[in-house]
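Next, two complexes with chain A in common: one pairs it with chain B, the other with chain C.
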Partner chain A sequence: MGFLWYLTIRIGGALATVAVGSFLIFLIMKLAPGDPALAVLGESATPETIAAYHKEFGLDEPILVQFGIWAKMVLQGDLGKSIALAGKFPIKDLLATRLPITLFIGMYGLVIAVVISLIAGTAAALRHGKLTDTVATSIAVLGISMPDFWFSYVLILAFALSLDWFPSYGFTAPGESWIGAFHSGFLPALAIAAPMAGVFARILRASLLETARREYVTAARSYGFAAPFVFVHYVFRNAVIPFVTVLGLQVRYLLGGVVIIERVFGISGMGSLMVDAAFARDYPVVQACALTFLVGVLFVNLLVDIVCALLDPRRTR
Partner chain B sequence: MTMHDSNGVGRRSFLKGAAAAGGMAVVTGPMLSRVALGQTRGGTLRAALLGFGVVNTLDPQKAGLNSDFFVLNTMFNTLVKFDGNMKIVPDLAESWTNPNPTTYEFKLRKGVKFHDGNEMTSDDVKFTIERVAAEATKSPNRAKFTVIDKIETPDKYTVRFITKQPFVPLLSFFTNTTTGAQIISRKALEKMGDEAFAKAPVGTGAFKFKEWKPGEKIGFVAHKEYFEKGLPYLDAVDIPLIPEEPSGITAILGGQIDIASTAPFADVPKLQQDPNITVSKTPGLNFRFVALNIQKPPFDDVHFRRALSLATNREAIVAAALFGEGSPMWGATPPAISWAFEKKPRELCVFNPERAKAELAKSKYKAGTEASVITWGSSWWKRWTEIFVAQVNQVLGVKFTIEVTEANTAFSRFRANDIQAETTGWIARVEADEYVPECFRTGGPRNFNQYSNPEVDKLVDASRVEFDQAKRGELLKKAEDLVVEDMPCIFTMNNNAHNMWTKKVKGFVPLPSQSFGNQFPPVSLG
Partner chain C sequence: MATATTFGTVLRELRQNRVAAVGLGITTFVLLAIAIGPSLSPYDPSMMDFTAILQPPSWAHPFGTNSFGMDVLTRVLYGARNSLLISIVGVVLGGGLGTLIGMTSAYVGRWFDAIAMRFVDLVFSFPIFVLALMLMLVLGFGVQNVIVAIAIVYIPNFARLARNTTMIVKSEPYVQAAQVMGQSRIRIMVREILPNIAAPLFVQFTVGLAFAIIIEAGLSFLGLGVQPPTPSLGVMMADGKDYFHRGPWVLTLTGLALMVTILGLNLLGDGLRDLLDPRLRRRSAA
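Here is the complex of A and B:
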């Protein structure tokens, strides 16, 4: 019962966050200068055509009324239509093509990051203070500090233009070909993974070292348990909890922060959709993307809490 | 200045020669050139729209963005069109005359088929132009056609436009430009309705609509019944949108695209050395300037404005901001519109620090005057603004600062004259009337800072009824002389227009407007 109550509270809080968040984003977008009419009608726009455009999309209504109309529509399950980005395309169709692509690239990058960081972080911790540690830690710092657009172009220059192993631009959606998606998505996934892997490896290393100094680990060793057994059952399992927490927090980066990488590699994902929409003042598209991000992040955070709770040895023993 | 690389010139003069020798341009021209260039059939051309993330509509009469028209011209034809030398040549109309100063009469090609199989007739032309001019359509280009009083269709292949008063620029607005005069199928529109048509339009172009993935790409397939026999060579065209210019470079170098709508200024010299890439270069149809709010201090003083212009070293800006890919300007009309372009630099637009200081001495504003110059976050715009501000601050001792924002905000504020100063510009305008007259005539549609000079207005009005192009050019130049004296903005520069393509691409002829959609019918891949 305690866990269910906890879950109810958490979901209620998440819904409230979505409502408040949506309103704030709506308000900020509307208060910013600029006009979707100009993004649509271009240089030749006349005051009359701009006024007609505002009327057509209800942009001449007071801000609160506009938000009310939008919220009512969303509660009825309709995200509306694009007003400036892609002439009146239903937004749910835009999201339906963009979201799976972002999820694919994000998960691909996350898996690469986790694999690299598990190996590097564990190796660095086990060989603490030795050359392996120095090398792994230095690479991690490099991964964190490289600007992602720069690293992306380095990857393209090396692996696409010089070695010709991967395409230099463009992405094959998983819907068209899974092999194509894994192949064309490798460099962008690696570019996404690099900074995450750096963060993860350092967190894991620190956490492993800290846990190894705990009294219960010393106790386990004193019982005469083999070192690998102690590491797996006492050190690693406890040390991995902060690692999973940080992993969950990085999902924000996966959803929204990969805009640059999407642009550089020509991937039509959610990040570039939201940026294009913001520049064109396509309010309903920005709102829909923000809503998706909010729900996504809150859902993953919830998931992380549950996973951490399950990982806690005290819970499962 | 190099107008074109040697390949471009060679190919173009050859095509002309072939057409002249054949004497039967329509049918034999492409056939001859195909044989001579060894062009092959088939394949999909991947033609990237570089620097654009948005195509908003595929309905020509509702479109307003340059990116919209880049794509539209692939699927549509216009009555007449501009060729690579900025000459108006036949497209859907075989010939045209002005029986009197208020009448344009076009004789249409016979047997032109829309993508839906219907024949294109004078009724479709009338319907299209009436549609763009109708208030209900809400076209951003409506004002270009409101001079038309009525449209007559005496037979299936004749269209007559009767204007309220003589208006010479009208012919240019019927071309392959951004005015929304692309001829649509009346039957298709009436059957589909506006919203469906805007997502899958029906034209007469060499390629017909296949698919549109918003923000990603638009795909076309060859129109088998295209009116130029034997064309197009290609089976299909894909137009991917690549918003980041450096990614356009990696895409073309890696073979992911075949041709691009532009080339980043900084990369042009290096690309020209690449044996696999051709970069075309021509003075562009654009006008870059520092807009000034002449209604408010400190830019309400003509001497202060002249001082700023004289303190601006345009060559330095072209060299550093455009990497030499452009030329200084001393007026609004770009060099590509050669008949209206003043070739002699106007003194007030030539860097002269001593004279600048003398003008400042006559001004009511002195050294130390503060003002903010708006720009937006794209690299060369910002660099231009930084150099301009540094120059005037150094020469005149004024204290100008920069305010960086993003494009939509900058444009909104410029339109509303909610600025002190802003680096801005107009691009892809094919008609001389879209420069001095539209920007500086009293009440002009893009005269946002309400500049007004009755003498300029008189000259502009006279130019609009002058059918002799040379005389019209002289009138526009005189008007421009007066505008430059008043200096309602700092005329700064014109940038080159580029297209780049790989060696596989044959038969492509670039336009100064860079709008490549029209130019695909004679293109082949190998």
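Here is the complex of A and C:
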């Protein structure tokens, strides 16, 4: 049982979860009130046209058959068409423009959170029980306790409306200008990063303190290795595994936060697409967005598992 | 150590733990404020005063007034009542069902365990707001539905925790003794296991409550949750965002009140975990 076997099992598990998860999404959307035929055909619908629509899209079939039709379409790269948007856009095209924006903001936020927490968590652990520790842990718990959409407005008030350093609304896509994207995306990314940085810093601090007490660390010290060497090679490397694991678990909070933050800053990403679609009762779009978010979370967790397996080969045994 | 910890000893230890003490202090303050605050306020939460529209914070209106001239602090106190109540009911519902599923899963095992835990993994793969948003579409918008959405979001958390702790407690001598005495499974689960896994569940409840308040606020802020004129902290922040440039205090100070509430619960949860964890560790090591 080596690394490849571990990888195969992990990928298989993720694919199975996508399959069951997409059925769950499909089922939830089926339970939502309203007839999609009425939504598409509008006021002019007659019983005959409704029946014809049902027949065309297989809506009169049993639920499992309907799911089969949808799943087959999705696998062929066809996510259906939007009901509400004018011109009945193919959802695939919508996602193609929206997803990169959300990925950019999400990654940007994640990087900020990781940088802040690496500094704060390490500083707190190294100065355990001192003032630095108290300040860092207090800020961390404040970060966790802030709703990120509220923090967005605090940032807007301070850095956009008062200081005018950043725009308060709108986003320049990386396709237009990378500098513009980093500049206009900074406040939203920081807002998403704040609660995550708090969680990460706390985990890293606890994990560093726990690892520093291990016997092999004491042994390394007794050999007379320099303290920085012991910290980097014995403490940090082992302490970072729980940190990476939590990183994966936090992705669902990250993407959840994006849904609201995008609305606050007027960013046309996946989050605002899904919320707008929810208001318009544009079920196919909501369904496609939920599926994309699910795949995103599972993909990141798969990556995290692989990284952890590389850091700690015992996991693959 | 065999004797059950009484409420009194827990309270004494709480006061000795600095983090827990601060958390308990903040939470008590918030609870007192929303319990008696509204009756002390000279204003009515829905009283419009068109001579005092969008007044910045002052002695007369510590949190300022909103676009209808209503006193924001009074509305925050009323709104926090609703937000807290919605969150408590949601987490109690989700926690109760989740605990039931988790304990059954650990105690019955086999196929029930396998199915329940795969389902838990599945729900954990959805971003919380994406899940809540889909549920709101099915259930419709409004107070009851926010409660149901929170409950469904929390079932897996409690199920996993209850399952893992039950697994530890299950093999304890006193549970085996009860089995030997021929007590029924249900009786053992309720009388022997539940009291011994209650501590971590309570910690989860405290921390879960904090995040449930954020879920309520977030859904209502998007317009998918509690609907105006029912005041809740999320609804008031959504209202404040519409005229944020002219009166930023409405959204900012309402959110600050929200943050203080959550901070208190988080600190209390952290402190409780520190207090209760060593005991759990000692038990599992024995």
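Note that the second predicted complex is superposed on the first by the 274 of 317 C-alpha atoms of A that agree within 3 Å, B and C clash if a C-alpha of one lies under 4 Å from a C-alpha of the other, contacts with A are read in each partner's own complex, and residues count from 1 in each chain.
One rule holds for everything that comes next: a residue touches a chain if its C-beta (ideal position, glycine included) is under 8 Å from a C-beta of that chain, and two chains touch if they have at least 3 such contacts.
Here the structure is a predicted model, which means the values were calculated and not measured.
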First (chain B), second (chain C), both or neither touched by A:180: neither
Which superposed partner A:263 touches (first chain B, second chain C, both, neither): both
First (chain B), second (chain C), both or neither touched by A:279: both
Partner chain(s) touched by A:248 [first = chain B, second = chain C, both, neither]: neither
First (chain B), second (chain C), both or neither touched by A:153: both
Partner chain(s) touched by A:90 [first = chain B, second = chain C, both, neither]: neither
Contacts of A:32 with chain B and chain C, given as first, second, both or neither: both
A:145 touches, of chain B and chain C: first, second, both or neither? second
Chain B versus chain C as contact partner of A:100, first or second or both or neither: neither
Shared chain A surface residues [contacts with chain B and with chain C]: 32-33, 153, 156-157, 161, 263-264, 275, 279, 281
Residue numbers on chain A that touch chain C, as the complex places them: 17, 20-21, 24-25, 28-29, 31-33, 141-142, 144-147, 149-150, 153-154, 156-157, 161, 251-257, 259-260, 263-264, 274-275, 278-279, 281, 283, 286, 289-290, 293-294, 297-298, 301
Chain A contact footprint on chain C (complex, rising order): 118, 121-122, 124-130, 133-138, 140, 210, 214, 217-218, 221-224, 237, 241, 244-245, 248, 251-252, 255, 258-259, 262-263, 266-267, 270
Of all residues in chain B, those that touch chain A in their complex: 53-59, 62-66, 68, 135, 138-144, 178-179, 195, 198-199, 212-216, 240, 242-244, 246-247, 250-251, 253-257, 405-409, 411-413, 415, 426-427, 445-446
Residues of chain A defined as touching chain B within the complex: 32-35, 38-46, 48-49, 52-53, 56, 82, 84-89, 94, 97, 153, 156-157, 160-161, 164, 167-170, 263-266, 268, 272-273, 275-276, 279-281
